[in-house]
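Letters A, B, C and D mark the chains as written, and numbering starts fresh at 1 in each.
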Amino acid sequence: MTIAVLYGGTRPNGNTETLTKKAIQGLDVEEIYLKDYLIKPIEDKRHAEEGFSEIDDDYNSIIDCILQHDILIFSTPIYWYSMSGTTKNFIDRWSQTLKDAKYPDFKNQMAQKKAYVIAVGGDNPYVKGLPLIQQFQHIFDFMGTSFEGYIIGEGNKPGEILQDTQALYAASKFQESIR
Amino acid sequence: MTIAVLYGGTRPNGNTETLTKKAIQGLDVEEIYLKDYLIKPIEDKRHAEEGFSEIDDDYNSIIDCILQHDILIFSTPIYWYSMSGTTKNFIDRWSQTLKDAKYPDFKNQMAQKKAYVIAVGGDNPYVKGLPLIQQFQHIFDFMGTSFEGYIIGEGNKPGEILQDTQALYAASKFQESIR
Amino acid sequence: MTIAVLYGGTRPNGNTETLTKKAIQGLDVEEIYLKDYLIKPIEDKRHAEEGFSEIDDDYNSIIDCILQHDILIFSTPIYWYSMSGTTKNFIDRWSQTLKDAKYPDFKNQMAQKKAYVIAVGGDNPYVKGLPLIQQFQHIFDFMGTSFEGYIIGEGNKPGEILQDTQALYAASKFQESIR
Amino acid sequence: MTIAVLYGGTRPNGNTETLTKKAIQGLDVEEIYLKDYLIKPIEDKRHAEEGFSEIDDDYNSIIDCILQHDILIFSTPIYWYSMSGTTKNFIDRWSQTLKDAKYPDFKNQMAQKKAYVIAVGGDNPYVKGLPLIQQFQHIFDFMGTSFEGYIIGEGNKPGEILQDTQALYAASKFQESIR
């Protein structure tokens, strides 16, 4: 079982990243910081006669990477009660990959993976972050990916997540369950 | 009462745009197609000593525009059960504007506006789009903006929205209520 | 196609009932006012050695009735952002019917039905009533019942629902779609 | 700071009760098992000329009890993705108390309390129980009660909750935070 982490934050050492590092401590993971890649927003051509155009950016290289792993961790700060725009642009592009002749088996491959979500927010995330979790459930249902669990944490200023002992406990439980 | 529409779709004449056009027919509105502007993802520097850096893109010009209007319509296709990444990147940047000395009154100004959401999706949007509506409620609550209503529509292929008579009715009611 | 309506309100001619009457006008329906029946709360004995005890109330007669119909309309006022306790007690008892030797085919029979929800509330039901809709989706998913649609209406004082033209339109559309 | 627990389950020693007992271990609490009381469903007479009728049941005695405490714990099994009908009938009656001349200060008194929710379910409660949490948020927002936190647990057969170490940890944290 190998793991890929997709970091959606835009701040080095942000609270979500810190919590995620606790969760994956000692595990063999491939870490992808989405902000370090060029991922263009989707141009929706699902119904265009000519189909999607090839996009010149780093998106496919990330897909190539995650397809090699069994477990995907979506680590996103809660910006405005939802996943970061960076994470969203990455997921929006799946609509293109689903039609891409180079990835004929994309959905089936995703359907064999397990997914986790780690999300940290500053404004009552334990309640106001719940729609985000429901959206991830819909996303994974569509792809057939098994949504194995999520960790919500609370934190605003850098390092504050270290005071959310419940989130830290959940992170340590995750780690044990994978090992 | 003047109106700004923020289109978050990435396809010309998409279903969300079509429904929105029905809603604003005959009204005096300023239309902003977010995909035609460069809006960089936020780099979260809320807690950085140096603060946010000035960003060289079109974001501020859109803020300048919407601040002149009383009613904002967020018109976004439902991509992956949420707002488009394009729309999300725009909203994420509000965190920077809230700290921007050039917009000392941003929150107060937003608090005097009325907001509507128009969202069209293809996979059972009347149920699976509900977390998106809840997120917009949280967003508007935070800003103090009055969330006046939303229209969900169903459509996948181009033009399909024209068969969702309930969404069209809601669009016509919106129009009447504004006039 | 025959229809049963389950009214969960506790006020004669309440707003939810009024809206529902608009929706079923001219259709051949069997109407069940849950408040007129004795429905005891479930006593959860799913895991008791002796199993569930026979309950002496009117619950089974309602089940017998709805099982004869193809379409079920759950018409419940939104009390405290959820279905009425009366409706909830009725649904809670399904756990017993699922184990009841007298109804060996309960789940399969329910799985062949179509369900609609009509719900009216006074405190921003178009947003605060959404968790209720999500719960009905989970309920119907569990039973395999097809959740065909819902109508949310706004109204507080008696008759106020008649001013919610959007809900009335949805009711008239429902009627057309069934006829 | 004194505590009242409202148990909404209908099975002795159910999983929700077990988890709640862990949370309140060693604390001084008043425990109320709703199933042991007669609580009639509300008859909605908010708008009736004559107003609400006096109801001959145990409801008021429970209100008298909880009003004496600072912290309220709503301990309900997740039946059909929502609170138990027993709990719901209790809360529905608050609409009557809000109009009851004998409780002129009901809302203000509730607004000074802190509330917690403990909810255990068997079918993916960590996702499918989220609408229930959102409803409690709306309920507490309406009353002005401070929603301090919730614990979701997973369990179906008696005792299974003892394997949900994350829920148990949250229960122990609750206990520490109150002590």
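Convention: contacts are C-beta pairs under 8 Å (C-beta built on N, C-alpha and C of every residue); 3 or more make two chains touch, one makes a residue touch a chain.
None of these values were measured; they are calculated from a predicted model.
Counting steps between touching chains, the shortest path from chain A to chain C takes 2.
For the pairs B-C and A-B, the larger set of C-beta contacts lies at A-B. Look at the contact of chain A with chain D and you find the same residues on each copy: over half of the numbers used there are shared. Chain B has its Cα centroid 24 Å from the Cα centroid of chain A. Taking each chain's centre as the mean of its C-alpha atoms, chain B lies 35 Å from chain C.
Residue numbers of chain B whose C-beta contacts span two or more other chains: 130, 134. If you sketch which chains touch which, the chains form one closed loop in which each chain touches exactly two neighbours.
Interface note: chains touch in the pairs A-B, A-D, B-C, C-D. The part of chain C that touches chain B in the complex is made up of residues 126-127, 130, 133-134, 137, 147, 149-150, 165-166, 169-170, 173. Listing the residues of chain C that touch chain D in their complex gives 9-11, 14, 35, 41-45, 47-48, 77, 79-86, 88-92, 94-95, 123, 128, 130-132, 134-135, 138-139, 142, 157-158.
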